[in-house]
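Structures follow.
Across the two complexes that follow, subunit A remains constant while its partner is subunit B and subsequently subunit C.
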Partner chain A sequence: MAQDLMDRELDVLDKERVAPVETLRRSDEALRLPAVAPPTALPLEPPLVPQVGEQTRAVGLRAQRPDSRNHGLGLTRYIDDIALPGMLFAKIKRAGIASARIKRIDTSRAEAMPGVCAVLVGSEIPVNSFGPSLQDQPLLAHPIVRHAGDGVAAVAAVTEQIAQAAIDAITVEYEPLPGVYDALEALKPESYKVHGGDTNVYASKVIKRGDVEAGFAQAYRIYEGRYYTPGIEHAPMEPFTSIADWDANGRLTIHASIGRITLARCDLARTLAIPISRIRVIGTVVGGNFGGKNEIRHEPVLALLAKKAGRPVKGRFNRVEEFVASTIRHAFHMDYKTGVTKDGRLIARQVRMVLDGGAYCSFSETTLGKACILSTGPYEIPNSLAEGYVVYTNKTTAGSMRGFGAPQVCFAYESQMDEIARDLGIDPVEIRLRNMFREGSMSSTGQVLHSVKVKESLENAVKKFGWEVQS
Partner chain B sequence: MKRRGRGLASMWYPVGFTVAANPSGAVVKVNEDGTAVVLTGTVETGQGALGVLSQIAAEALGIAPNDIHIVSGDTDTCPMDTGAIASRTTYITGNAIAAAAAMARDTLFEVAAGMLGVKASQLEAKDHKIQVKGFPARNVPIADVALRAHIVNGTPPIGSATWNPPTVPLDPETGQGKPFGTYVYATQIAEVDVDDETGEVEVLRVTASHDCGTAINPMLVEGQIEGGVFMGLGFAVQEEILFDKQGKQINCNLTNYIMPTTLDMPAVECDIVDSYDETGPFGAKAVGEPSLVPTAAAICNAIYDAVGVRIMSLPATAEKVLAGIKAKRAAEQKQIPA
Partner chain C sequence: MIVTLTVNGELRSASVPPETTLLVMLREHLHLTGAKTGCDVGDCGACTVIVDGLAVNACLMLAAQADGRTVTTIEGLATREGLHPLQKVFEETGALQCGFCGPGVIMTSKALLDHTPEPTPQEIRTALTGNLCRCTGYVKMIEGVQEAAAMMRSPQSPALAGQSPALAAPEQK
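The block that comes next holds the complex of A and B.
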């Protein structure tokens, strides 16, 4: 009888199994184990024993990457493949309102939910601010919310679903505040000040060489244009994910998909107010970075939840959080004014740029600095003046992203170069050759340049593309 | 009808941080059999950095890249590294590893000098041997030297080094100074088809010629260039985060944030400029970020070449291009012939 019941149960189980029945082994059925694919040995190469005299070209070799076999066989362990015993899952409640004061947070319903192990709000964080240059960003907003993606509370629970339900059960009462949602508006004296004070400008830069006015006075023609590039998302395949784990000595291990482990360790020490020696950061193989994973994001929150719950905690952003609660590329407003001689030589360039920094500083200073320095393009311009400002707005924080301001200014200076070439009737290749840096040229900051290969890159590209230069 | 155009853009890009210190440390340990372990605090972010760093260590030690094992990304075991940012890994971490490997190699030379009866300064490491410069037949296998160093001489070959690019701070008034150790250069040319009835832009091919100093691994350089063109393509014609009037993102998911797929990818013709930078490891500089910098400008210049519309704000969506075409036609119709 019992055997019959078991057989019937196995039948049901069999029907529910995804894998074809024939792939099952008899022993699995007897043990009522889930279906497994037939075992396959790893196709490992025989061990490579170094041979004396074997030619060892290394530099310049199209060598196989050390991680390619693991990637190819699906054996790479990304952060989300890591699970620690007893691990909990965290979720962060996002403000959903861009500018507000938190009047009250009620977490009681969430705390009472079965499966919820810890709840955290901003006021419980020892040092609730971080940032690579200005420490102006809270880990969980308290009491001011400065953009819609700001976190306001966090939960750790036995499953991600319970954590999400608990987050939904937290109620936050907001007092809406005025806001500013445009970089050029934010520059105006009467604009709402995102961080108080008397201005939204939090970094500026000047790069000045020669006398730009004298240059314009000598110019045969002057070209002016206003260029704009929007904020864009890094969109890595792997969203932010980290695990926090304490030992009994109060030593914290953070597993994180992050590009800068030493900076992360400093930020963790500062925000948690514990010595650096008590923190270990293990950087896992990063599943897409592009500048978006250069600083901590939720790691101290996970650490505090793990401490409260006494269990390891994993937090992973969903795709929407990846957009609204991580950083994005700075939107740039750029005014370019360039004076040229009749034969197409650039003799003066004035650039004024305003960067939309969003709610917090992040890597804005670096982005602004690089953009101003690079704004002349790879050209010798005797008189140049670049002025840049980055402003707070109540929008998603702009931070580091592949290129740090260079793609934005390149779009402007190369679009204008094309316009100048067409207007003067000079081939776009030829006008660039007349102006490009050479070995020993001085850059916009007066740096003497070495290993300058811009002309070679142009000549190679022209040849490879099949561009016939009209002279 | 589809109109074809071509456009080009050149760029320069610095390697490492702007003035600020951004050091890398490295430890290189040669094992008893002549293979080696490298410790670095950087992290593999998918670009193949650990492969490139293995090749740099292998070159310095005269062994093969797969004789190297790299331990990375752990603050407990690895020396400080500023990390995978600012296109700095090959140049700065690479310099630190090359110097650490040279230090370990010097220990091997001291041991081999006694075995070969020459001065350490006369030796070189190549093809898994320590050999006398100019007389490669006088050599000892590197494995014999390494073992001897460990168990006879008692001098395990371990090297450690740090490197930080030399810079001069910028004058706060004028911005004059030496903010970076070195720069890379590139030119990209794009060919596009623009449909003058819909405004749709199709990027057909991109020729990308990049100076990265010595290409430590040309395959990985090409990988970076192709990835950069992909990102530049999205920046040029598709990607934009839209906000509503209250500062909330509208298109914050992959269903409505439009970015390129493989179907949008143009043919990419890569060229690596013959280049050597004496300040980089074995002449290498960088390629990571620069690969996307000129793409959008090249594509927009090609759009102008095709239909005469100057794109002043990115992205060059079909709507924007079509509006430009219509405005241009209207302006032309208004002109009264002389």
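The block that comes next holds the complex of A and C.
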């Protein structure tokens, strides 16, 4: 009896909890702005939490984004849609020369222009360096220019046009220096050293399993190949844009389309020499990131301009700057040497890769690490040795991009897999199935793998693409 | 100079420097930030608005050239009663991800549907050649435009009629 009553009460409670949401949702359909997140097309039962050994049911279903109505209405507020009262517009003068020493910068004509509120050059910046891992990047180059996209001077003015005119009125005298424009060249002892010192290598990694030499000695055949993937720009539709704003208590607020708030605050605190507690970074809706918006870029320059001018400052990259002054995907030079048995089993693989890091470090170490870990592919190989180096060149800085080095090495090991298959006369799918990771396989780093679904994935793909093994 | 436009049905004027583009006038002087600055040189279509019935890149048109003309921006599509079919379909199909290209894509598609109520997929593709999207791969957009076209051709368009009972019923998809 009592139990009955309780059940009924629970029932009522349940209904009360559910009903208003449904009513609201229905009225939302008629309203322009949703207040209740749209019912998702994904079934809630059974749960979407991945279960070991189970495929989730999300694939192939239509999914709605909670923010999609605002996107369609043009109401999503991206960083460039924000304007603060009294805000100035900043432009940065790019070197346009890849390797040089700045002899003289004349900003007098720019400073005299009506509407120009602040001009900044590298020599006035107390801590002229930043970077997410190595702090090797100047805010504005001084005196050495290391790639064509280096900033050399910055202006804040009342309109974008005036800022651009002022930038054009700044004259810079350069003494050209030798440079290095190829990663393999940069490795040579006689090459130009982008950051001085005696080497251009700034990060390296070695991962070893078993004994490759012994593996090669046992091999039926050995294949060697060199593979190259070029640098790639992320090309988000939304250009880098940020606003810097100081308050009367000396606290800085940065509005930016950025993916790593705390990292940005740490880097800014170091560069601006103020405690991190006085820096607030507000990440706005991102109009496309793809890994390129993971670190600060022009924000410290905007902050210094804003401080000089005493007004908030917005900066927005133009499309050319997006290509020359942002980061790109690392270009990879990869040498693969693989020993196989007669029946197509990989028994030894040696990988040597050289990454073109461009002028500054950015996320090179992370990229190198991941590339080395994944360089042997999803294959069980008892003996492997991967060595990787990142080198400085006088080119656009390479940084993080989707996959952090994984797509590059994938191109190399899968290309070589096809070459081996062709040479041994084994079907390309079959040779992969023979070597693939399985439950309990050990990776090149010594990790024992669980929930391994690579075989099923490949078989599924084969079916979907209509590549049935021809025997 | 003073530029006067009919924007989304309202007469609006602003005093702008002569080099001001229509895009800057809309975004900075009239505070209609729906059209986006993607490249500012006519490559990406994020700034697309409709001027006298034609989709144009607002970054390539001077505000002065639009003087006296009729401009529709993304902000002018939805009514009090509801969303434009394109907006509704794009929402439901997840045709937009980051959304930055969305206003431009929707305005180009609207201009297409205004002239061609029953476009083929190829016609939609051709119309959207000037609109770059880095996130989606375009497939859902093209399907979405077709769905919206069908919706607009049917006499009882659920998206437009706020009172329609069809509105509350979940879509069979």
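Operating definition for what follows: the second predicted complex is superposed on the first by the 407 of 471 C-alpha atoms of A that agree within 3 Å, B and C clash if a C-alpha of one lies under 4 Å from a C-alpha of the other, contacts with A are read in each partner's own complex, and residues count from 1 in each chain.
Basically, a residue touches a chain if its C-beta (ideal position, glycine included) is under 8 Å from a C-beta of that chain, and two chains touch if they have at least 3 such contacts.
The model shown is predicted, which means the values in this text are computed figures rather than measured ones.
Student: In the superposed arrangement, which partner chain does A:235 touch: subunit B (first), subunit C (second), both, or neither?
Tutor: Both: A:235 reaches subunit B and subunit C.
Student: Quick one: is A:316 in contact with subunit B, with subunit C, with both, or with neither? Answer first, second, both or neither.
Tutor: In the superposition, A:316 contacts subunit C only.
Student: Answer with first, second, both or neither: which of subunit B and subunit C does A:437 touch in the superposed model?
Tutor: first
Student: Check the residue A:290 against both partner chains and state whether it touches subunit B (first), subunit C (second), both, or neither.
Tutor: both
Student: Could you tell me if A:159 is touching subunit B, subunit C, both of them or neither one (first, second, both, neither)?
Tutor: second
Student: Have a look at where A:179 lands relative to subunit B and subunit C in the superposition and call it first, second, both or neither.
Tutor: In the superposition, A:179 contacts subunit B only.
Student: Thinking of the overlay built on chain A, is A:67 touched by subunit B (first), by subunit C (second), by both, or by neither?
Tutor: A:67 contacts both subunit B and subunit C.
Student: More residues of subunit A are touched by which chain, subunit B or subunit C?
Tutor: B
Student: Overlap the subunit B and subunit C contact sets on subunit A and report the shared residues.
Tutor: Comparing the two interfaces on subunit A, one with subunit B and one with subunit C, the shared residues are 62-65, 67, 235, 285-290, 319.
Student: For the complex, which residues does subunit A have touching subunit B?
Tutor: 48, 50-56, 58-67, 96-99, 147-149, 179, 181, 205-209, 225-233, 235, 258-263, 265, 279-291, 293-294, 319-320, 323-324, 328, 366, 369-370, 372-374, 377-378, 386, 393-396, 400, 402-404, 406-407, 410-411, 413-415, 417-419, 422, 428-429, 432, 436-437, 443-447, 449-454, 456-458, 460-462, 464-465, 467
Student: Over in the complex, which subunit C residues touch subunit A? Could you list them?
Tutor: Listed in rising order, the residues are 17, 19, 27-28, 33-41, 43-44, 46, 73-75, 77-78, 80-83, 86-88, 90-103, 106, 132-135, 162, 167-168, 170, 173.
Student: Could you please specify the touching residues of subunit A with respect to subunit C in the complex?
Tutor: Going by the criterion above, the answer is residues 26, 29-30, 32, 38-39, 41, 62-65, 67-78, 80-81, 83, 159, 161, 235-239, 285-290, 316, 318-319.
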